[in-house]
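As structure tokens, here come the structures.
Note that subunit A is present in both complexes that follow, paired respectively with subunit B and with subunit C.
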Partner chain A sequence: MNMQTAITMTAAETALIDAYTAQIGELPGEGAVLSARDTLLANLRQQGLPTRRVESWHYTDLRALLRAVPAFDPTAFAEKVDPLVPGSSVLSVLNGKADTKNLPAGINVRSYAESLIDGVAAADLIERDQDDAIGRINGSFVRDGFEIEVPEGTELEQPVEFQLVQSAGQSHSRFPVTFGANSKATIIERHLSVSDAASLVTVVSDLILDEGAEITWIILQQQGASDSHLAQVNFDLGTNAKLRLFVINAGGKLVRQEVHGVTTGEGADFKLRGINLLGAETHTDVTFTLGHDVPNTTSTEILRNVLFDRAKGVFQGQIRVAPDAQKTDAKMACNTLLLSDDADFSAKPELEIFADDVQCGHGATVIDINPTHLYYLRARGIPENKARAMLVNAFVDEIVEELEDEGLIETLETIIAAWLEKHA
Partner chain B sequence: MLEIRNLHARIAEDGTEIIRGLNLTVKAGEVAAIMGPNGSGKSTLSYILSGREDYEVTEGDILYNGESILELDPSERAAKGIFLAFQYPVEIPGVATMQFLKVALNEQRKYRGEDELSTPDFIRRVKEAAAKLQINPDMLKRPLNVGFSGGEKKRAEILQMALLEPKLCVLDETDSGLDIDALKIVSDGVNALRSPDRAVIVITHYQRLLEYIVPDSVHVLYKGQIIKSGDKSLALDLEANGYADIIDAAA
Partner chain C sequence: MAAVQETIDQVALIDVDQYKYGFETTIEMDKAPKGLSEDIIRFISAKKNEPDWMLEWRLEAYQRWLTLEEPTWARVNYPKIDFNEIYFYAAPKSTPGPTSIDDVDPELLRVYEKLGIPLREQEILAGVKTPRIAVDAVFDSVSVVTTFKEELKKAGVIFMSISEAIREHPDLVKKYLGTVVPTTDNYYATLNSAVFTDGSFVFVPKGVRCPMELSTYFRINEKGTGQFERTLIIAEDSAYVSYLEGCTAPQRDENQLHAAVVELVALDDAEIKYSTVQNWYPGDKEGKGGIYNFVTKRGDCRGKNSKISWTQVETGSAITWKYPSCILRGDGSRGEFYSIAVSNGHQQIDSGTKMIHLGKNTSSRIVSKGIAAGVSQNTYRGQVSTHRKAENARNFTQCDSLLIGDKCGAHTVPYIEARNSSAQFEHEATTSKISEDQLFYCLQRGIPTEAAIALIVNGFVKEVIQELPMEFAVEAQKLIGISLEGSVG
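And then the complex of A and B:
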């Protein structure tokens, strides 16, 4: 092993490995959990952070981009904030520590620290594949989060909000969630930063949807301008299960949001809707893989990206159709509004189709503001900057409108409008 | 109200000169019709009045209430009361019609130093104006002009005009694509706006529209110049005899 690590470690790699040595005594869990952590860290030490030579990291050279890793900061202070949607059940993780007061009724919840301590979590602490840097870092350091089970047939009237508030240092959280048969719920995974200090946040959510479950999962990432955010959602869709996943990135310096799913039951339907609002020097990557593993499953993916300044964006979308997954219907679209000559966006679709009776398509567009639209609005007395903001808003609003929940739509529209006002 | 003096203008992109020494005066309270064969510069003139940046004025001036507007951008001209009803209203997906109307109205008010309208007041005004133009309220829930029929688009333009209460209205071939019933509704909408402190310029190919919106003056535009002006009887002459005689006489 030492022979292979002849390359010099970067500051970030050294910091991660040193942090592990310093932290390991305090991280929850022993036995199998500890040995799983040790394995993940050994792999991290051996392989280093992925570079552009690793295909799935080609457009996000993590080794080059993750310049530094802030130390754990046990003194950092963060407080719970009001939920995005009034009346939501809030499960907060403050600087990486789950707040277990006032847990909601109707669902089974416990902190992930408990799973780590009793060893149940050991089975989760694995890598998806040898390039799974997020699983590796998160699994090495994971400290808390929430484990949830929504019982069969339960319909949650109000959303559950996972509220991750970060003020400094690092946090590594995990959210294994099982949705029982025919359950219905809206989950909001919200990432906030409450200070200008640089943070490293990693999060892994593992979703299992049993037969007929219908779930809306909304990720709203609004971290600070110097934060690194490495996130992964893994899902498994059972028979006739429906998952709508909305990803909104409106913050962070270095962001990688991975989404990996499989359909394992016929009739399963997946929708990914993404909005990337990218400004300043951000580098934001949404990487998506979906395996249509059984016949008669459907998926659509639509991403709308808006770039200002020197922002860089990436979308990688891979759809695999297994040999017997006939009648798969999958459509992927990635539309980018490039509003600066210095911004750039890379889109890489991949279709791997091994069945012959399927519908699969993908498309990518890059556009500027339509000058005729702009002129029309201005001819009605709307000043140019306002007219531009309206048109950019319109471009992403079509995605938000799909949520069909008036309160949620209005809240997200306000957040998007505020972001555009600040960056346009 | 409007005085165009020796105006020369060209397409910015390729330098093609379209307006070649145009003179025109329209007084407050006047309805002026501009007619002319295809390619004479009618639509270009309307775009130039609105401030569209695809055209460059190379000579002459446009005075609106005595002041040159050449340095004003489209939104400033609109806020000062110049309104162009488009021949081809633009479809803008994702922009809700009601939101558009509200922003346009309030941005103009803001420019003029007036208070913004309250939401109930705004909604009341839209409902009243829409009812007069027989616009289905469902239409206003759709994105701006998206999926509107040709007639609906034209009615939506007149609705905007009624709400924005401009001082100088330029109607660019508002009659194109309208059936008789819609033509009547649109014309009634325009006539309702006629007032001593408002001028209207009606650009059209056909005398038909002028039976509904009766002009005070008629001007023939040819190769970027006004080659003949007269009263409403000029439009009838053109309808009966075509442009050839007038063009020959001017040559």
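And then the complex of A and C:
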């Protein structure tokens, strides 16, 4: 794999390298943090952005797709918006800068910039593996974010909303979050764009769930039509910990959302629910890996994808069952509605199993709207476009309804309906 | 004492070393010098009295091969193959090419007798019970005999070794060879194009339904050789042919390379059914020896409403790297892939299929059953894709894996690529172990564990076995039983 030695750099690669030289003086952190950044950037320079020859980027040729990188814009202005669920504690990152006013009580919060400055962050700034382009870019440029600890036994009544509002330029944030034993919380990670200018946003969230923690984490990505969004969630589930992760993509031009997890305690349970609403000429990739590393852990993943126009969608899902991880129960489904002949969807659901006493399965389907269903509705006097919208809505709604919070369900349904109305 | 001996015998039986075709025959061989070079290719070509265009084709492939790198993406591990340590050509001295059965070295005939392959037509005819199958017997690098040639000729079917076909039907070979698997296709296919020594050629003309099953039996015998065979099957408009392939090799502690290329061409309304029972030597229980099986098989449904069906039972080889595929080019064409892959001991299998939907209203069906035991690794790797213009493409894929024992691995790596809204793709995969309830049910009725497992496994693979021609189905069922022996306890 020495193909990187002779590559000529693309405009985006050059822009990233140049941006580093330009920004390095003002990026927070010195010593170990700085040297970790340097290492990551050196690797980026050496390897370049991944192409389809890198297996984990097979369907998302980042080198070809990331055409340009907007320059960091220190003057860009963005402000907080109302939270998705009234009463939530809002932690906002505006154009990559954490707003540390009015930090919520009951949990320990500090800005990630502080963590970078005092050097604690140095340990985070590593690559998952040699194909980890997101970790590499984010780790080189990260400026801010929030470091959070939810103390043992804490039950948060109201959601915490991470609000990442972007108007232009670049933003690179991190969210290391530790959930103490038996804590309960709902976290909303919300990505918004408030202008038409192109942005590059990278985010890495590292979640650790201690014994018995029960967490719902919702990612709502609604970036602008010309934005590139590279995100990664890493998680580690302790004994009996439960994580429900909802990923809703309804924006962005080039989106890659990675989810990587391991179960390290028996009885851990993970659920991934995803909705990808893809339209226009966009490229959206959800890549998921989960290692069932210990016995008696469970997971289910359900993804629903709807594609219009010239959208391209990708789902890669890999479930690994370690030797001795007996009694693993893992099920993964990826269902796609392909509503345009110019759209395309690629799926790679993988199973990698080294233990015998397991139940693992995956299913993947790609279809158009069922003509019988359409006929049923039309026979009842519902016009075709409306009937189609109803069916598409029903297809994705199932996912949202798994949330218990009525208010949240309603808000998300409104967002989905509005998106469908705009694109259908 | 008797009881002790019985136990010892029993334990000896329950072992991976169950390979009953592992004998070696001493036959005087005519070999090319070791290694690979242009001279060796010229030597092979000259041995086969090939026309110049064939030699040029080979040399071009060789030049290309020199620029390629061995693929590493499959989930198989093996030490690097030293191509200079392989004999690329080895033929029995007494029978250097296909002849009539009377001229074949009796020693060779005994080999096939031992393997249970009938080569004497009269014997075949005399046996009322055995169904009639025409056989092309390939021994190391050459085809030694092809049976029922005359009778097939009457029906218009050409069935002969590819070396003969190159000499006798150069136009047909020229027209189709390399059109499904081009010389540039992949590392092993390119190597094969340069050095292939024999294989079968089948041509079924327009409207002919081949009157009997055709089959090729491959045998690797000589030490240090590689086998590179090339098979080309053409079914013209509305023709039908069913073709079977079987293979065995002696038990040795060295690894031998087998890199074949199979090309199928089905024209309008034609149907080709290709069945394989692959039983190369899998190596011993320590993982020593065994065949490296790197095979490129591809069918081209070139005509409208044509159909190609692959059925494979993979039980042998130390390493299997094989993806029989269908290019569904003709409108309304259909591709099928039924597979049973059984791995035990240290075997590694990375196998699956590709269904490439190019024409309108094409459909494909994939049923793959993987069974892993011992410390083996069993991977299904498949691709289903539609072209933007392939309206109403339909695919159904089912791949199930069964794990026996906690030291083996089963993996599924499907690639699903939809580029047309009218495509309808369904894919499902499961992995589990033999259900305790089923096993308990059998044991309770006095069926011993091994027999019970064989019974359950046979139920698991039944869907695929049913697709095999009858005489192969029985053999396949037995083979699966053998492969799994020793996997319990």
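Note that in this section the second predicted complex is superposed on the first by the 419 of 424 C-alpha atoms of A that agree within 3 Å, B and C clash if a C-alpha of one lies under 4 Å from a C-alpha of the other, contacts with A are read in each partner's own complex, and residues count from 1 in each chain.
Operating definition for what follows: a residue touches a chain if its C-beta (ideal position, glycine included) is under 8 Å from a C-beta of that chain, and two chains touch if they have at least 3 such contacts.
Keep in mind it's a predicted model, so treat the numbers as computed, not measured.
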Subunit C versus subunit B on the shared subunit A, clash or fit after superposition: fit
Which of subunit B and subunit C A:Thr365 touches, first, second, both or neither: second
Partner, of subunit C and subunit B, that touches more residues belonging to subunit A: C
Three-chain overlay, vertex subunit A: subunit B-subunit C angle, C-alpha, nearest 10 degrees: 80
Partner chain in contact with A:Leu290 - subunit B first, subunit C second, else both or neither: neither
Touching partner for A:Leu164 - first (subunit B), second (subunit C), both, neither: neither
Touching partner for A:Leu192 - first (subunit B), second (subunit C), both, neither: neither
Contacts of A:Asp356 with subunit B and subunit C, given as first, second, both or neither: second
Touched partner set for A:Ser346, first subunit B, second subunit C, both or neither: second
Smallest separation in angstrom, by C-alpha atoms, between subunit B and subunit C in the superposition: 15
Subunit B - residues contacting subunit A, complex: 50-53, 73-75, 78-79, 84, 86, 89-90, 92-95, 99-100, 103-105, 107-108, 111, 143, 160, 164
Complex contact set, residues of subunit A against subunit C: 55, 58, 323-324, 326, 336, 338-368
Residues of subunit A defined as touching subunit B within the complex: 372-373, 375-384, 386-387, 390-391, 393-395, 397-398
Residues of subunit C that touch subunit A when the two form their complex: 73, 388, 401, 403-433
